[in-house]
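See the structures that follow.
After this come two complexes, each holding chain A, first together with chain B and then together with chain C.
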Partner chain A sequence: MLIAKLAFRNLMGAGIRTWLNVFVLSLAFVMIIWVQGFIQGMNKYAMQATIDYEAGGGQFWHKDYDPYDPLTFEDSHAPLSPALAELISRGAATPILVTSGAIFPEGRIQSVVLRGIDPEQQILQLPSAYLSKEDDDVTPALIGAQMAKQTKLRVGDEVTIRWRDVHGTFDANDVRIVQIMNVSAPSVDVGQIWLPLEGLREMLRTPQEASLVVLAEDVSDVPSGNHTWVHRDLNFLLKEITELVRMKSGSSNILYGLLLFMGLLAIFDTQVLAIWRRRKEIGTFMALGMERVKVIGLFTLEGAMHGFLALVVGAIYGIPVLALTFAKGLPMPAMQADFGIALPQSLYPSYGLRLLVGTTLLVLIAVTIVSFLPASKIARLKPTDALRGKTS
Partner chain B sequence: MNNGALITAENLVKQYPIGGRKFTALNDVNLTVQKGEFLGLVGPSGSGKTTLLNIIGALDYPTSGSAIVIGTDTKELSHRESARLRNEHLGFIFQTYNLLPVYTVFENVEFPLLLLGMDTEDRKKAVMGILDRVGLADRAASRPSQLSGGESQRVAVARAMVKKPKVVLADEPTANLDAENSHNVLQMMAKLNEEFQSTFIFATHDEKVIGYLRRKITLNDGRVAEDIETTPQYN
Partner chain C sequence: MKKAIIILGILLITTPALTHQDSLTIVSRAPTGEDILERVDRNLVIDQATGVSTMIIHGRRGSRSITSRFWKKGDENTFVEYLSPAREKGKKMLKLGDKLWTYTPEPTDRIITIAGHLLRQSMMGSDLSYEDMMENESLIDLYQAQVEGSQEAEGRTCWLVNLTARVEDVAYHSRRIWVDMERWLPLREERYAKSGKLLKTTRITEVFRVDGRWYPKRMIFKDMLSKGEGTEYIIDDIDFDVEIPDHKLTKAALRG
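Our next item is the complex of A and B:
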């Protein structure tokens, strides 16, 4: 208690020097939480959006299905297993048929992925119900906003699509864009055309077949896979996003690492200077009867208190800033689709307890360590030398 | 060894390594100091005054021999024990005052009592009491930078005396003061010596200080050249 009292007294007595250090450190503290909050918010959103629009509660893939190799699509479909058919019949799963094809918007050819989905499905948050509109002979199609932008297609436009059926025969037909989806997951938008499942089955001549089956999130009795259908859990399906977020957060970590480094350097510099400049004071402390270990403790605590004060100062201006961004979000740039993962138009941070407590502890521990290192030199300082202003 | 002595130095030797050689700062020093003495270690620069004062103050260790201070051989003390000895029984007054710059006068004087763990009320009473004695009660809230040299040294005296130590060690306490302030400070110390019966040991070559001493130990080249009782010229 005495050491804390003296350390606080010394810090306050140092005036502007203390507050400059505290401000730099608080900046690092607030920035870490701010940036990490957004990264966590982005991570959370990307995960949830992928679950909502694409992954569901897990999937079963045809054994040859490889979403990264469109050439495999023509062979990666099969009739559903009885277990999967049972899940689908009670609304706990929905089949999707996938094939590659091409469209000809404005006379250009563009490769696309054709996806057949049940218009009645409730598992993915895609507006598949629009696909049940069959006013005439033209097949309805859904595309995402990014796809619409790339192809310059609008609602009501008709576009020719070409595909190969199960026998390898090319065929073509017109489809009508019945809705442009605003989905934030690029993987269900860019280069994708959604068609009614039965329509695509007819086009491919693959009745009752699917390429993958998406499970609802609350399915507890997930059947085991077989030689045709392979179960892919959420960890597998979200692995790419997790890796991408980790990679992107790595570059942000460098930024806040630098900020923290600057803050810590200021404390370290202050401590090293303090030991040098305050040798006589250290000698006086010892002459007056302060134990050497307490002098070290005092100087370490003085440094560490910068951390405490930085938390307080950071909280004063940081809480309003964090609260504002939490309420208003951060508008994302127009090229958000290029980011590679699902991003909303406004990104909202996520400040978890782990982030707040973890960052607080990180700052406090780091500051204490950089404060202790110079202070530990006091252990080798002779009181007589210190009183004369010399270093031993 | 003189039984009942407050301080006893026996065959005290202190050597410092300088380059590849050893410099002998104290060479076979023997002396005893009784309670309540007002004595000075006198001699030219390099005669060993400060070294002897530091060993008596448990700030330094002898190379050989012993320094028994208030019944304790300082050579046997750990860092912690010597800190406790200084905290409980010794007061220090330095040539450059060594006031803690960010503390107020009150806080500077209060510091030794904080280390002693005295409670707040007693601390306040003791600090204001001694500040009153040195005539600085009205400067309690001032910082050292706002004080004159004489005032600073009076604060240093108050800090040394506030815990009523058995021994006060003063190293050239008037070296930075003018004649008037020197006499003021010395008169104050002489008075406190009488009242508290604390033993004062000066390291000095200032004639003004010597004029107040009742015993003068002259050191020359690390040896006691003379140890005499004197009659103070000033009162």
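Our next item is the complex of A and C:
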């Protein structure tokens, strides 16, 4: 207790030097929680949005289907297996047919992916019901906001699409944009045109076929796959997001490391200076009978207290900042679609207990280690030398 | 003299009748669609040939020309080597059956396989797909032909023929061709989607006679769904009387 009191008094006695160290350290502490909170918030949002708009509760893919390789689309469709057909009939799954094609907005050719979806489906949160509106012979089509921006298409516009049927014969027709979807998942928006499933089946001459089947989130009796239909669970479907967030998190570690390094360097410097300037004091402690361990403990505690003070100072200004961003969110730039995963217009952070406790422990342990390293030199110090002002 | 006048009179009287008779004969002997396609194929389908061609792509930001040397063997195998511009020089393309490889010279030194859907993509931003470019199949194998009548196209009298696919795996479901009555070349062509939408047009604006057959010298391809000005394809030189060695049509030749 005496050591703790002494350490605190010494720390306060150092005045502005202590508070500068504490402030820099608190900055690292608050920044780590703030940035990491946003990364976790982004992860959480992207996962939920992907589930809502694209992945559902898992999917079955045609064995040749690869969403990243449009070359596979023309061969990756087949009639549904009885088990999948049964799931679809009771509303626990919805089929999607995929093919590649081209559109010609304002006479410019642009490659697109044509996706057929059942207008009645309730599994994905896509406004597919608009596709059941067939006023005349023109096929209705849904596009996302990003796609609308790229192609300059608006609701009511008609655009020519060109595709190849299952035999490779060209076909082309006009479709009418019946709705522009505001979906945050770029994978269902950028370069995608959604058409009524039966319409696309007719266009491709692939009756009763699909490229993938999306399961509802609450399906408990997921059938096993077969040689044509391969089950893809959520771990598989969300792997890309997990990896992207891990990568982003990894690059943020450089920032954390830099901030923390600045704080720790200041403390290390202070400790080295303190030991050098207070060597007579150390010698006096030892001469009066204080054990070396306790002297080391005193100096280590002085350094470590910077960490505690940084937590307090960080909390004073950090809690309002974190609470404000938690309530208001952070507006995302317009280029969010280029990021590759679903992002909201305003990003809300997620501060988990693990993040708070983990960051606190990281700061405290790092500060303690940095404080101990210069203090450990005291172990080799002779009291007589110390009293004379020598350090070794 | 009297005899001569009588003979001349008979000739004068009968000549228009004979002429008329002749024109009737032509109409009554109008070739069938199959006849026309056969004669067109005879001109266009290549057994073996090598030559130099220039493609002029008229885009929004101006025009660019690409010159290449080609070797064609049968309806499935083609080898192309680009000669200019400098950016494209040394690039090569090989088509064997329904597979196509492109080679980019050093420093890239890479061979890329183009198959399936990519064959249908525009070639170097032109109005031609790789498939269109390599097309050498005989029309008579792919289409049923119906003669609609005669019409003028590119300043020549032509047979107007409607083609409808007789096989399922054909790129264009139907075509209309205007075939020169004398030279048996489709001077104008319209290619349609299954829905009936006009997709592409082709015009042969210049022809030349080489090795006993009429062949297009200058063609203009136009993708009717996009706004561009079309792509010109000019045969600078062609030789049908060649023996293309088998090793020329191999992947090894791409790096050769």
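FYI, the second predicted complex is superposed on the first by the 392 of 392 C-alpha atoms of A that agree within 3 Å, B and C clash if a C-alpha of one lies under 4 Å from a C-alpha of the other, contacts with A are read in each partner's own complex, and residues count from 1 in each chain.
Keep in mind that, in the parts below, contacts are C-beta pairs under 8 Å (C-beta built on N, C-alpha and C of every residue); 3 or more make two chains touch, one makes a residue touch a chain.
Everything quoted here is computed from the prediction, not taken from an experiment.
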item	value
Fit-or-clash call for chain B and chain C when the two complexes are aligned on chain A	fit
Touched partner set for A:A172, first chain B, second chain C, both or neither	second
First, second, both or neither for A:G358, with chain B first and chain C second	neither
First, second, both or neither for A:E106, with chain B first and chain C second	second
First (chain B), second (chain C), both or neither touched by A:P67	neither
Which of chain B and chain C A:P127 touches, first, second, both or neither	neither
Which superposed partner A:T160 touches (first chain B, second chain C, both, neither)	second
Partner chain(s) touched by A:G225 [first = chain B, second = chain C, both, neither]	neither
Chain B and chain C, minimum CA distance [Å, superposed model]	67
Touching both chain B and chain C, residues of chain A	none
Complex interface listing, chain B residues touching chain A	54, 57, 59-60, 79-80, 83-88, 90, 92, 94, 96, 98, 100-103, 107, 111-112, 114-117, 159
Interfacial residue positions of chain A with respect to chain C in the complex	70-71, 73-75, 100, 102, 104, 106-109, 111, 160, 162, 164-165, 167-173
Chain C residues touching chain A - in the complex, by the definition given at the top	115-118, 120-122, 165, 168-173, 191, 193-195, 197, 199, 223, 225-228
Of all residues in chain A, those that touch chain B in their complex	2, 5-6, 9-10, 12-14, 280-281, 283-284, 286-293, 382-384, 387
